[in-house]
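Structure first, then comments.
Letters A, B and C mark the chains as written, and numbering starts fresh at 1 in each.
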Amino acid sequence: MTFFLEQLLNGVQLGLLLFLLAAGLTLVFGIMDLVNLAHGSLYMVGAYLAASLTVMLKSFVLGVIAALAGTALLGIALEMLALRRLYPRDHLDHVLGTFGLILFFNEAVRLIWGAAGMTLAVPPYLNGLVEVLPGVAYPIYRLAIIIAGVLVALFLYVLVQHTRVGMLIRAGASNREMIGALGVNINRLYTIVFSVGAALAALAGIMAAPILTVQIGMGENILILAFVVIVIGGIGSVRGALVAALLIGLIDTMGRAYLPDLLRLIFTARAASVTGPALSSMMIYLVMAAFLIVRPEGLFPVPSARR
Amino acid sequence: MTLNRRLIATALLLVGLGLIPIIAKSIGYLFLLTLFTRIVILAIAAVSLDLILGFGGMISFGHAVFLGIGGYAVGIAAHHGYYSALVQWPIGLAASALFGLITGALCLRTRGVYFIMITLAFSQLVYFLSVGIDSYGSDDGLTIYKRSTMGGLIDLGNKTTFYYVCYASLLLCLFLAWRIVRSPFGRVIQAARSNENRLQVLGIATDRYRLVAYVIASTMCGLAGILLANHTDFISPALIHWTRSGDLMIMVVLGGMGTLFGPVAGTIALLVLEEVLSTITEHWMIVLGPLLLLMALFKRGGLSALLGGRKA
Amino acid sequence: MREALVEVVDLVKTFGGLVATDEVSLTLHQGEIHAVIGPNGAGKTTLISQLSGRLKPSGGKILISGRDVTHLPVAARSRMGLARSFQITSLFFDFTALDNVAIAVQASRGHSFRFWQDVTTDEAIYGPARQFLSRLGLEARAQVPAGDLSYGEQRQLELAMALATKPRVLLLDEPMAGMGHDESAKIIALLREIKNDYAILLVEHDMKAVFALADRITVLVNGAVLASGPPESIRGNPEVRRAYLGETTPKEGGVR
């Protein structure tokens, strides 16, 4: 029971992490029609900035805030210098251009921080365990991730549903021409959306950093998970991203925790130990394939985003 | 005619590739042969990708998975003591075709950016599968101690012989692709890239044609994987990593999509560029990255399209 | 009267709360041009899209030669002899004009799972393709990419492609929109010349063309049939005059 609860929390935590990454990705795609592979690079840069800035500023909180701001600024620069020119191009150009950016950022990070990788030290007050239920201890830091994730999800909900920018975002995701017709400064809206997405990616990177390690290419595999999330959720839909991210987080965590045991019930121990890890890492892709068969347009399709 | 000029350029390129072993030997620079063996093999993969990407407009971002499937077929067969090409190669080709058929049928239910992401995700699936299976080396990969045997007729262990086997395979694939592109089937594939709805109104169920094209490309890339495993005598999950698929895509676009000259020229250009840049600086990717971005921005229409490209 | 080639029975299409097609029934017969007219937003294109299979109806039936095709996809209906031209020009813009017609000819010759035959030198395809192209007066423009043709030429190419699929039924969505006077006169003459071989549904805003060509006219307003009958009865119908025709009725429109 304790183990189950732990895994459940881990699943939610991974889900929220994925959501932070997928939210920016899906917004950028929904509004600017841009396939941004370099989103994972922003995740990585956020983690690296946090790792060095928390040391430089001698404060975890200040370092994290500075890293978020730094990544948001990088996002603004990236958007204004390069990506803005990519919007009118086709998806293949997006893929090529942003793939080039990944190579660039990986190498730039290697030049600045070296190839060895870094660690982000967690402050003492976030270290240790806390009893979430009688008899169930859970790492404080992971709990903090969950809380932060929920807060960001709420923030995004309010932003998208109840503000003028959010109204434009929703309008833009379902009808790109319309926001132009509303007389909005589109370039500024794009820049804002992109920098918010960049900050969210950085936050995800920072939150993951103490659990995983800060290393070059850390954003790449999780980026593909985020793709799976937005494919399942429906491209352009923040709500879809949240639901799908939690789903993927839970399936992945639970699969890894329980699938080998379940297989042992059916197969021999040897066969189970061979197929277990492989199958559980494939699980989410199988789930995605199943969704494709049943709902190829995603859970919450945004009408015009499907072309 | 530009077409004839392109034909001549392709012919020159292929003749040049045919002379590589002689050139390498005469200047005593044998690394050239190793490099170009790799180039010729990856050119096969690039040609196969161009069939669906350039001619068919299907932006597959997971094409390297078929390099992996072909490669692992050779590696796994060799691991179990089956070295004959008559066993290894058909298995590799059939496995590639089958995986192409299943995932293609799923991927082709979608269009546009969904297709990009889903082809990517399926290649990740196989990537994690290869990482997860300890029996076949997981992360560390699998060393192949003996290349495919061909009944004593052809010795793939001989570098020059092996090069010419790869070269002949490339010529065969180019010829097949050339026939396909000019066939009624190829016409349909290209028309579907241009305007799929219109084609359906003309009575052509485009999905089936696209799927068949996808399977053909998968199988062809499987062949490249088979050759690549023999070339490196080693396979690992890195073969399937999604950045590999990105590399293949770059080769096709760099050379020119929707042509047969393109993927061959693009493969040579990219691999030679990598070699040259890496002799200048170990951080050569910091140069290559922005080059790709510039290519994406300027390759079609150039500066004037860039200036006129702003929306509403 | 000959048996109907296409029969539409109580067709309904709703988008959310909006009724775009409201229990429309009509028939198309071989040798007959059936014009559908109505103000903008009356649901004319929606109707054609349901006939061609692009849109799924919410209710009702569509029959081709007595066979229920309501749930068949676009390509299958096309193989049953249905051809459509688009209101918004839909061509293979990076193909030459001739190649556009050639792919249409190819489509009419059964499946294209032929991998080895060289289509670029195949007279069985390019012969008819050139014929259809010259029938629309485009032979001099054969090697021009469709995207570089003038608007009027593109509309003519649309029609050449529709004919090249050897259809029995032609659904023409504003074939003369944006054409100059001479060009539309040419199309009118062509349609009159070929109409015996086809059943034609014509959606057109040019009332002069409609009354010059149509054997029957159906007036759609807000998705529903307001009136249907021969041109004379439609022109005389006071309801139609009020709802749609108004003063735009050409005085000599019906002269043949």
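The criterion applied here is as follows: a residue touches a chain if its C-beta (ideal position, glycine included) is under 8 Å from a C-beta of that chain, and two chains touch if they have at least 3 such contacts.
Since the model is a prediction, treat every value here as computed from it, not as a measurement.
> If every chain is a node and each touching pair gets an edge, what shape is that graph: line, ring, star, complete or other?
line
> Which chain pair shares more contacting C-beta pairs: B-C, or A-B?
Looking at contacts between chains, A-B has the larger number.
> Grab the C-alpha centre of each chain and report whichever is closest to the global C-alpha centre.
The most central chain, going by mean C-alpha position, is B.
> Would you mind pulling out the distance in Å between where the CA atoms of subunit A average out and where those of subunit C do?
49
> Roughly how many whole angstrom separate the Cα centroids of subunit B and subunit C?
43
> Report the inter-centroid distance (CA atoms only) between subunit A and subunit B in whole Å.
Whole-Å distance between the two chain centres: 30.
> Identify all positions of subunit C at which a residue touches two or more other chains, and write them in rising order.
None at all.
> Spell out the part of subunit B that touches subunit C in their complex, as residue ranges.
179-180, 182-188, 190-191, 194-195, 197-206, 209, 212
> Quick one: in the complex, what on subunit C touches subunit B?
Listed in rising order, the residues are 52, 54, 73-76, 78-79, 83-84, 86, 90-95, 102-104, 106-108, 112-120, 161, 165.
> For the complex, give me every residue of subunit B touching subunit A.
So the residues of subunit B in touch with subunit A come to 53, 59, 61, 106-107, 109-114, 116-118, 120-122, 124-125, 128-129, 131-135, 242-243, 246, 249-250, 253, 283, 285-286, 288-293, 295-297, 299, 306, 309-312.
> Give the list of subunit A residues in touch with subunit B in this complex.
Contact set of subunit A toward subunit B: 29, 35, 82, 85-89, 91-108, 110-111, 177, 180, 186, 220-221, 224, 227-228, 230-231, 235, 274, 277-279, 281-282, 285-286, 288-289, 292-293, 296, 306-307.
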